[in-house]
Amino acid sequence: MKFVAGRLVQMVLVVLSVTLLAFAALNFLGDPLFNILGPIADEASGPEFDEVRAQARADFNLDEPFLVRYGLWLGDMAQGDFGRSFANGTTVSSEISRQLPVTIQLMIYAQLLSVLISVPWALWSASRANRFVDKASTVVSFGMLGIPVFALAVVVFWLFAVRFDIFPTRFDDETIRTRLVSMFLPAMVLAVPLIATYQRLLRTDLISTLQEDFISVARAKGLPRWRVLVRHALRPSLFSMLTVFGIQTGALIGGSLIVESYFAVPGIGAGVVEAIIRDDFPVVLAVVVVVTVIFVIVNFLVDLLYSFLDPRVQFDG
Amino acid sequence: MLKTQSRWLAILLALAVIATACGGGSTDDAQSESGDTTEADDSSGDDDSGGDSDGDDSGGNVDESADGSDVASADDGADVQTGGELRIALQTEADTLNPTNTPLNRAPTLIATAIFDTLVVIDAEGQWQNNLSESWTPNDDFTSWDMTLREGITFSDGEPFNAAAVVATVDAFFSDPLTSLVFAPAFDAETPVELIDDLTVRFNASTPNAQLPTYFAEQIGMIGSPAWLAARNDDPSLDQMPIGAGPFVIEERVQDRSTVLVRNENYWNPDQAAILDRIELFTDSEGQADSTVSSLLAGDIDLLHLTDATPILQLRDEGDAITRIEDQSGEEFIMLMNATIAPFDDIRVREAATAAFPQSAYAEFITQGSADSAQTLFSADTPWHNPDLVQLGDQPELAGPLVESYCADVPEQCTDGRVDIEYQHDISDELTRMATLVGDSWSEFFNITLDVVPNDQHITQVTLGAYDTATWRYHGFSDPDVDSIFLSCNTIGALSINFSRNCNPERDALIAQQRASTDFDERYAIWTDIQQNLIDSFHYIVVEHTNWVVAADPAVGGICDATTPDGIALPCQNGGVVRLPQLFLTN
Amino acid sequence: MADASTIDGSTAFEVIDEPAPPSVARQLGLGFWLSSAFVVLVVALALLAPILPIADPDQTAIGGRLEGPRPGLWFGADSTGRDVLSLTIWGSRISLLVGFIAIVIGFSIGGTVGIAAGYFRGLFDKVVSFIFVTLLSFPALILAILITTLLGRTVLWVSVSLGVLAIAPVGRLARAQTLVFAEREFVTAARILGASDRRILVKELLPNVVIPMSALALLGMGIAIVAEGTLAFLAISVEDGFSWGRQIQDAGSSVRDLEEGPHAALFPIGVLFLTVLSLNYAGDRIRDVFDAKELQL
């Protein structure tokens, strides 16, 4: 259990440094008042805005030393007060609590799709290792890993929503069914690199497991091949999929910015892209923090799970 | 803690009487146009016709119904079904729905009209008509107007709709730094409004103004319940839940998302009470206009309004499968040139930019026939249109000598024989394409630095005059006299409503002259001179008449059924604003 | 460990007579050479763009709106009538430039710090490792966005932000690599013989760590190009530069445009995809041939 404590300390340190970095970026890169107010931060824009400038200085504690400001900001964050959006004055926390569930649903959807597709595919190619099917699979998965998510999004959208009118061109959350249908393409685009990653990993793992003694024994006992594969080979191999799961969460977060913006899914990714384009810093900062915390926690949980499943694992964190 | 500051940004944002161009393409969204103050479209009626007397002879604008050109498959009037719920997709949103402190662009105007109604309306012929008012009586020189209200009107909260209520709203309007900016110049600075008796109010104009009642077809004619106005001073969140005397009341509102209206059960005029029970209006901030069209076709929404070329063409492709009403009498899409700073302070540079502007390429690649390309502020949908007026364009050969002579005089503004300029626009795919086209045509004469900024910054910078040339969309009022605030010297300041900051005393004199006139033909002639003056001073490049298109499921009826309480027909739509009470659903 | 000279295909071994292991060139396989040729072609076109006989990429109305491919306008026209082929070639310049600068930054900083950490160990190593963990804890795209938003959307800053992203993964690998080699006999021997740290680092470790890692640079370049494309696609990359991502976003974001002229999006997508695939494949092959296990990729 020592490593759990170590990992926890590390996690807190990481969150602190990430927030410090993000906050410092906002404060030291350029004039913070300009970052907050835009062009009217400049005295030259006229005395009409003196009051605004003074108010903003007070609101953001700009006259305090940096570390004090950081502490105040962190305190607000910890209490769930992320400030207000520059763009429309709504509280950032209400925006995030509206958007985050959509993003999480999208990610779970993508993970489900990728597991549902990659596992049978890996079983199939592993059972025919180095035969045509397997070699073709390797080429295909290589291609899937290489295609940029945004390019894939455009191709998939063009093909399945425009050229062949199979899926709607628009997010629709009227009912659960329409939500699932309209989220299929975005989820699939997110899933494609995952599928390839899982397939490659599982396939390699399965092939090496298949060479181990207990498989030969099982086979000798005359069990059908698929049963050997599923019962004896797959189970230990699923374990290694878990390791990449955490890492893939990061890729998914990046991918969600793209697919949410492109497919107009009202999640946190689309929200943050819009905030960036509008220089809406409270929103950007909040999303950076929230997403990073989630990312760190997911990785921590994966590590934890991993260590329970495999006691040999030692962490040097 | 961010409250104060975001309120100020909101103000600046709103400041846009305006809002940049070309509608809600992909990324631009909710706020994107929360500029646009403005109101009803041109196609104005010139003067009074309403209750009172006076110069009713003037006539003018006969045909030219404001509902504009194209009406596809109008409703059949068939079986009117009482009750029901309608879903409407709007293009933009406003920060608040309080007309006294937020400039309302087209979409919020649609909502606010249903909640407040206006004192005056512009009819299908383009004339102003009494609505909540009963009559307007001017004095001899049109410097003051007495307005009498109809009897028996109440607000939806039960408060009486009387002269005191009108004065309270108008006072609130003029005490707001922002909304007053737009209309204050037309009213007497000391006492813009006086209470005469329980139902009579006197408005004092700053100069002889025969068009004053038309102002009250705009936002300033939306009168709020005094109890609500007083309460909102303590609780600004009530700006989102306004109370008026209109046929609908607001039930629920999530800013930038959706607004729910339900029938006003206490409506003062039983003959014209709302037919539908409930209307949900939403702004799909992440959505694209063309996917909004898909939603209409799929039956997910019942009615929408939009201005983008692509979805307009898509709607036209649908033919009679949907009801479609187009209206180009409203706003114009314009290239502003800042006349107060170099290089556009020099008329040669403005003329060169205008001459080299790619009018025909713009029509071919951007508009694609979805709207008429523009020469002046007035489209053929308005009575003020004069086909003889033509601005420069598509003549790059004229630009060369002008730039050459300018650069010889002012070398510090030029590099390699080309004028250095900054071209500002806000973020949207269509504006990016436009910048590509214009950049290609101008690159021979100008070194262009593109400045692509978020919508709110764009509005702030243009209003502050911190730009060289920028895209803009405005001029959507119902009478050109109201639009003239954008052209006058007295609206230039630190914050300018005359966005291109082009002051021309000769033009101001013409504006004052038409303002005092009650004769349409005379006003038409003066406006021809004003437009010629705009063309000759290269005030700006008018690029396109915005085509507001309203489209609806064929099951939606009553779009063209609206009338005044006196039974005078109103346009089907007016710059995207549909009147909601007469809408119904057929089976 | 492979000899340095063999990285360069042209000086590959000539194998005589005996059925010894096949030449490196052959080991790399036809696919490697095809992908390399493609990358070389793309880079050459990018470099030569100003003197190629192609249309000015800014010139509009060369073709009609979204006009399809035809002789003379091989990739068709985009929504403002520009030549898609010319745009694709000119667009590659920013994509490749940003990818290249990012990788140079990532490898020079990440590599140096990683090697130093692996060699000197101790507190420095602990601090560096923690910084790497922190950097890796940022979701990559978010970090890039944060940097470009605040510093400005110029070629330099976009490259820097993507370079910063490369520091941690490259640095970790360099550190791990160094740890492996620092224990090797030749390093121990050099140490016993009294060689200075500096000499050991430069003479012994550098070639053994850096050169094999150069295969990674190809993979990294592919990743950086995709990352730039992603930023451009989200309209937050180089402000007035036209890169593949921007081109794809421009042509691929409206239903009607895709309906009318998908070619304007699909051509640059195809070229981008082939470029990234080629870089990945070439990198993979080099890694496979030159001792993948020790690189622990």
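Letters are used for the chains, namely A, B and C, taken in the order the chains are written, and counting of residues starts over at 1 for each.
Following the convention adopted for this analysis, a residue touches a chain if its C-beta (ideal position, glycine included) is under 8 Å from a C-beta of that chain, and two chains touch if they have at least 3 such contacts.
All of these numbers come straight from a predicted model, not from anything done at the bench.
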Identity of the chain that, by mean CA position, is farthest from chain B: C
Chain pair showing more contacts of the two, B-C and A-B: A-B
Cα-centroid distance, chain A relative to chain C, in whole angstrom: 23
Rounded Å distance, chain B centre to chain C centre (Cα mean): 51
Cα-centroid distance, chain A relative to chain B, in whole angstrom: 43
Two or more partner chains touched - positions in chain C: 235, 253, 255
Of all residues in chain B, the ones touching two or more other chains: 27, 288, 290-291, 294, 427
Residues of chain A touching at least two other chains: 169, 277, 279
Chain C - residues contacting chain A, complex: 130, 133-134, 137-142, 145-147, 149-151, 222, 226, 229-230, 233-236, 245, 248-249, 252-253, 255, 258-259, 262, 265-266, 269, 272-273, 276-277, 280-281, 284
Chain B residues within the chain A interface of the complex: 1-10, 12, 27, 29-31, 95, 255-256, 284-288, 290-292, 294-295, 298, 300, 427, 454-457, 460-461, 464, 466, 494-495
Chain A - residues contacting chain C, complex: 10, 13-14, 17-18, 21-22, 25-26, 29-30, 35, 142-143, 145-151, 154-155, 157-158, 161-163, 169, 250-251, 253-254, 257-258, 261-262, 272-273, 276-277, 279, 284, 287-288, 291-292, 295-296, 299
Residues of chain B defined as touching chain C within the complex: 26-27, 288, 290-291, 294, 310-311, 313-314, 358, 361, 364-365, 368, 427, 429, 432-433, 436-437, 439-441, 443, 449-450, 452
Residues of chain A that touch chain B when the two form their complex: 36-40, 45-46, 48-49, 52, 55-56, 59-60, 83-90, 168-172, 174, 264-266, 270, 274, 277-279, 282
